[in-house]
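You will see two complexes here that share chain A, one where it goes with chain B and one where it goes with chain C.
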Partner chain A sequence: MRILHGLLALALSAAVPAWADEAPKRGGTFTYMIPADAPPSLDGHRETTYATVHATAPFYSVLIRINPDNPSSPSDYVCDLCTEMPTPTDNGKTWTFKIRTDVKWHDGSPLTAADVAKTWQELVHPDPGVLSARLPYYVMIDTVEATDASTVVFKLKFATSAFLPALADPFAYIYKKEILDRDPHWYEKNVMGSGPFKFVDYQIGQSISGVRNPDYYRPGLPYLDGFKAIFTPKQAVEIDAIRSDRAATEFRGMPPSARDQLLKELGDKITVQTGDWNCVDMITPNHGRKPFDDPRVRRALALAIDQWHGAPALAKIANVRTVGGIVFPGSPLAATKQELEQIAGYWSDIEKSRAEARRLLKEAGAENLSFELMNRNVEQPYKYIATWIIDEWSKVGLHVTQKVLPTGPFFDGLRSGSFDVTIDFNCQGLINPALDVGKFLPHSVYSENYGNYEDQKDIDMYQAMLHETDPVKQRIAMRDYEKYVLDTQAHMIMTPWWERIVPMRSYVRGWKISPSHYVNQDLATIWLNQ
Partner chain B sequence: MYQYIAKRVLLTIPTLLGAAALVFILMRLIPGDICLVRLGGGGGSFDPKALVACHAEIGVDRPYIVQFVEFIWGLMRFDFGTSMWSGKPVSTEILARLPISLEIALLGTAVAIGIAIPLGTISALKQNTWIDVVVRIFAIGGIATPSFWLGIMSVLMVLDLSAWMTGTPWMPPIDYVPIWKDPIRNLSMAILPAITVGYRYAAVSMRMTRSAMLEVMREDYIRTARAKGLINKLIVNRHALKNALLPVVTLLGIEFAFLIGGLVVTEQVFNLNGVGRLFVLAVQNQDYTLTQALVMLTVVIFVFTNLVVDLLYGWLDPRIHFA
Partner chain C sequence: MSATVVDDLPDTRPSVWQAVWKFCRRQPLGTFGLVLVIIIAIAGATAELIAPYNPTANDFAAMTEAPSWEHWLGTDQFGRDMLSRIVFGARTALIVGLTSAAVGGFAGLVVGVSSAYFGGMIDLIIQRLSDIVMAFPLIIMALAVVSIFGPGVHNVIIAITIPLIPRCSRVVRASALTVRSMPYIDAARACGFGATRIILRHMAPNVVAPFLIMVTSFVGQAILAEASLSYLGLGVQEPVPAWGLMLQGGAEEYASTAPWIAIFPGLAIMLAVLGINLFGDALRDALDPKLRER
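What follows is the complex of A and B.
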């Protein structure tokens, strides 16, 4: 055990990569796994699964992105296809991007501003019959135009700090205008981009591969000759494959037990990068069912949970780590520990908190309440979280059983409201707090809220926060909104934010972990020390 | 005989129609929405209009009766439509997975026949000796051991053994390459799953071979053959085994058909991109068209395998005539 802890410390120290000063080596084919079944299509614009991004991001460019040298930052945006990050005009409502003139499509033709503009027009105002899955992200964008061959102008409906994160959406691949004009569905089954790798082959349901793009616009990149990504939905296969070097890694994240096993088996042949993950499980009481229509009962559910002691214990067995509020803990808009301690469910004195929970339940006539907690049939961390929560609730006299459903029926249960209380989740592609916290808005405003409530004050507070452009005032508005949805109304209850654990063979260099498993996946900077 | 085959093929039609109606109804009874899983499965937000557009695109917003008529009409033209999940033709999805499933099924059957018939025969001929006991333990072990557990154990054993012997852990490849492209890589991927499923399959067949042989060896014509002075090898091979194989062939046929679409867990353990895994995925995603097509495929495989088994009866036992 002591050896394991030693190895763990050694490997985790690699969270600050030791290869930062090394000269990258060129060549080699990088084999990695995508821990999922193959995505429905190859089109980033219409899909929402990370399996699409992990399979196709190496083939495409985007307009702007999170800095690949600093991906753990939630706000360090840099140009990919643009030449420099612009300063907005018109009180923050007009953004003018100059587009690189040295970019070629994989078919050899030049990429122009018209391609960028057409792509974003399709994302913001899709043609009938075309899906743009993340349309709510682009709520602030009014028009997108190419004013000349190298200039794209975005005009916004209102100025907001949510614009740049929306623009850096890792799914927002730039597509070729000529192809989109001809067939807007072409990219669902085909690949043609301008990214660091050219498409070679897609074996349906099994693997996808690419080779180095010799005309890539970033000099010297990519380092690899090529890559192969294999879909491996079973975790046991992933561990064995890394152990036997059939594949070097997977980029989504593994639970602590997998990390520990690989460290035990492989020692210094494995490195592990870890960090907070922009994903969180939450608990949603169904306000449409009694007694969960009573805020006292919902507050009691929150007050019964000991977040501060639960998180470190859970982190040993589940991929969760950090106690947080509604905003990703690493964000400037996130609450501090002192601020969280003012909210129901985060009090530092758990006995006092549970006493208050019992009092509220008694006052609401819901003592010894029995109900069902609906959960999704996903091991990490859903089942661990639910088991822990049920135990916490039992400490204030609640009798809760867990009902685990496969993904399809689970979503059906959420949509139809056929649950007492459910585990819910929020896992966004990019840290964009002002939009991410839309999850707490009523279903009539935000379709993925399943609490079955209407609350105009909630909407008004959110809109005030979203439209606030002064960062200090926006932070204050966020605190008010957070206090209202988690404490006053206790519309939902947070659980610890996820921890991303990515073990990889030590010869893999040049990749840095980020808080989102969707970003930094173009593989351009990866090299193999072999 | 041709008339018999034609009759059997024609009988497939009502079977297929019944299965089609059943799977169509059952799939729609399962709560859930393929578009919701596709758009919301990752936990991010999505446009509610996208959900409506998705329903319209795959046609689940139309009345059930329209969907059913379209399905049956497609079936009659051998057009299974497109997968609701991937948008690819169902035939493309299935054909991409069929080679590996077929290969494992064939190899598994070869392993089973190679083990079951000789051992089952020896066990019967050496009834109640230590050889019989060992073979029966081996057979009961195979029946009692779940294939997926054996699969996991075999991978771990290979990993540990190779690490111990060479210092570098080895496991079968996790991506399929057709045998004509790279036979060694192909076989190194297929051999462990084939042994894993073949063992259980062999165990069941071995028990059947043993009991059938015991029964046949007590028949009058065997006694007559012995009285005629025929050597034991000839009696067993020419007279006893051929007759004893009738129930074994039936079993082998059913198991073979099952192996093509039923290796759900084994395919996951070995990361095989086969028909069984596709089947689970189709049901999980509520991909109606793909599930319907896979059920039809399974029905056809079972019907065809049973037909082949019936024809084999005639070859094994000349007294059997087809009318």
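What follows is the complex of A and C.
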């Protein structure tokens, strides 16, 4: 066990990769796994799954992105197709981007500002019948225009700090205008990009591969000759593939047990990068069902849970780690521990908290309440969270059974409101707290809220926070909003934020973990030390 | 003939205890199976008394602990005592196994005897429906039923019971067809007895031997099916202790670092099914007149 801990410490030191000062080597084919079945389509604009972005990001460019050398930062945005990050004008409502003139599509034709503008016009104002999956992110964008061959101007409806993160969406691939004009659905089944790799082959549900783009606009990149991504939905297969070096890694994240097993068996042939993950499971009571329409009962559910002792224990067996509020813990807008301890469910004295939970349940006439917790048939961390939570609730006299459903029926249950209390989740791409916390808005405003409540005060507080451009005032507004939705109303109950654990063969260099499994997946900087 | 004459006949039937003793002497493996089943049944029935810990209580100070004096069979990834979960899991297995076997067996008995008694179009329809259901393996049929009704103990019982009915009815019908042609059935008809009385009073008791053998084997099959469904995430759900569920998730993840999480529930399933099958085989031998005299 000591050896394992030693190896673990050694491997986790890769959080600051040891290869940072090494000279990259050219060549080789990189094989990795995508822990999923075939993605619904290859079109990043319409899909929300990592199965799409892990398979297709290497083929595309984006306008701006999170810095691939500093992907853990929540605010370090850099240009991809633009030449420099612009300074806004018109009180933050006009953003003018100069576009690189040395970029070619994989068919050899030049990429221009018209392609960028058309792409963003489709994302913000999609044609009828065309799906733009993250449309609510772009609520602040009014118009997008190409004023000349190398200039794109974004005009906003209102200034907000949420604009740049929205623009850096890793799914927002730049598509070719000529193709979009001809058939806006073309990209669902085809690939034509300007990214570091050219498309070679796609076997549905099996693999996708690409070769080095010799005309890539970043000198010297990519380092690899090519890549092959294999779809492997079974975790046991992934571990076997890494163990036998049939594949070097997978980028979504593995549970602690898989990390421990690989370290034990492969020692220094494995490195592990870990970090907070911009994903969190939460508990959503159905306000449309008694007694969950009563805020006292919802608060009691929150007060029964010992977050501070549960999180470090769960981190040993599930891919969760950090206690947090509604904002990603690494963000400047996130609550400190002291601020969290003022909110129901985060009190430092758990006995006092549970005594209050019992009092509230008694007052609400819900002592010895029995109910069903709906959950998704996904092992990590959903089922682990549920097992923990059910035991926590039993400590205040609640009798809870669990109903686990496959993903399809689970979403049907969420949308139809056929549950007492459900495990819910909030996974986002880039860290963009002002928009990410939209999850707590009523369903009539935010379609992916399943609490079945209407709350005008909730909406008003959110809008005030979203439109606040002063960072200090915005942080105060966020605290008020957080206190309201987690404590006063207890619309939802947070669980520890996820931890991303990515074990990979030690010869893989040049990739840095980020808080999102959607980000930094174009493979341009990856090289193989073989 | 008077009642006195009948009473004067010597009673050559052995007492229950004599029959049990004879069974034990002639069927040592079956006796071993019966002992296993009794132990499991007692464990399930008295779980609250004999389990050393609450089977659903997490103990983060004792996660994945190897077997020790504190935890004889170790703990799982949540620090839950494996022995307590296995003892309570016996209850889940027996509830599902016995209920499915009893309900499926009794329904199969009624359907099989009725099918044989009425014959003709009713028999034809029942048998073809049975063919359709029996065309699917038990676990596939159970999976289909669970996918319709959803997971949970009650739905698992329904899912396992439905495919057992035609399996039992087919065997019972074969015996009942022989019984139907017996003179006493004709006599009962001639006396004007109704179909229900003839089926339940005169035919069903005479097909009890194959019925009992079937039901015994059903218990083992039902326990295995429940474990399979739970293993696939479609049966009993956490935190309810169930052997198949204990083999899912944690057992897979910790197979190399904490193998006891997988070994002991697997062992429990194996012993339960082995015990029931050994007992069932011995029961068949004991009830079969041809084998009984050997």
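Throughout what follows, the second predicted complex is superposed on the first by the 530 of 530 C-alpha atoms of A that agree within 3 Å, B and C clash if a C-alpha of one lies under 4 Å from a C-alpha of the other, contacts with A are read in each partner's own complex, and residues count from 1 in each chain.
Going forward, a residue touches a chain if its C-beta (ideal position, glycine included) is under 8 Å from a C-beta of that chain, and two chains touch if they have at least 3 such contacts.
Keep in mind that what you see is a predicted model, and the values were worked out from it rather than measured.
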Which of chain B and chain C A:F425 touches, first, second, both or neither: first
Residue contacts on chain A - larger count, chain B or chain C: B
Touched partner set for A:C279, first chain B, second chain C, both or neither: first
Partner chain in contact with A:W393 - chain B first, chain C second, else both or neither: neither
Contacts of A:A236 with chain B and chain C, given as first, second, both or neither: both
Contacts of A:H309 with chain B and chain C, given as first, second, both or neither: second
First, second, both or neither for A:Q402, with chain B first and chain C second: second
Which of chain B and chain C A:A133 touches, first, second, both or neither: first
Shared chain A surface residues [contacts with chain B and with chain C]: 236, 409
Chain B contact footprint on chain A (complex, rising order): 33, 37-38, 40-41, 46-50, 129-137, 185, 188-189, 203-207, 228, 230-234, 236-237, 240-241, 243-247, 265, 279, 406-409, 411-413, 415-416, 425-429, 435, 438-439, 446-448
Complex contact set, residues of chain B against chain A: 30-34, 36-51, 53-54, 56-57, 85-88, 92-93, 96-97, 152, 155-156, 159, 162, 168-171, 173-176, 268-271, 273, 277-278, 281, 284-286
Chain C contact footprint on chain A (complex, rising order): 236, 255, 257-258, 260-261, 264, 309-310, 313, 316-317, 377, 379, 383, 386-388, 390-391, 394, 401-405, 409
Chain A contact footprint on chain C (complex, rising order): 56-58, 60, 63-64, 77-78, 150-152, 233, 237-240, 249-250, 252-254, 256-257
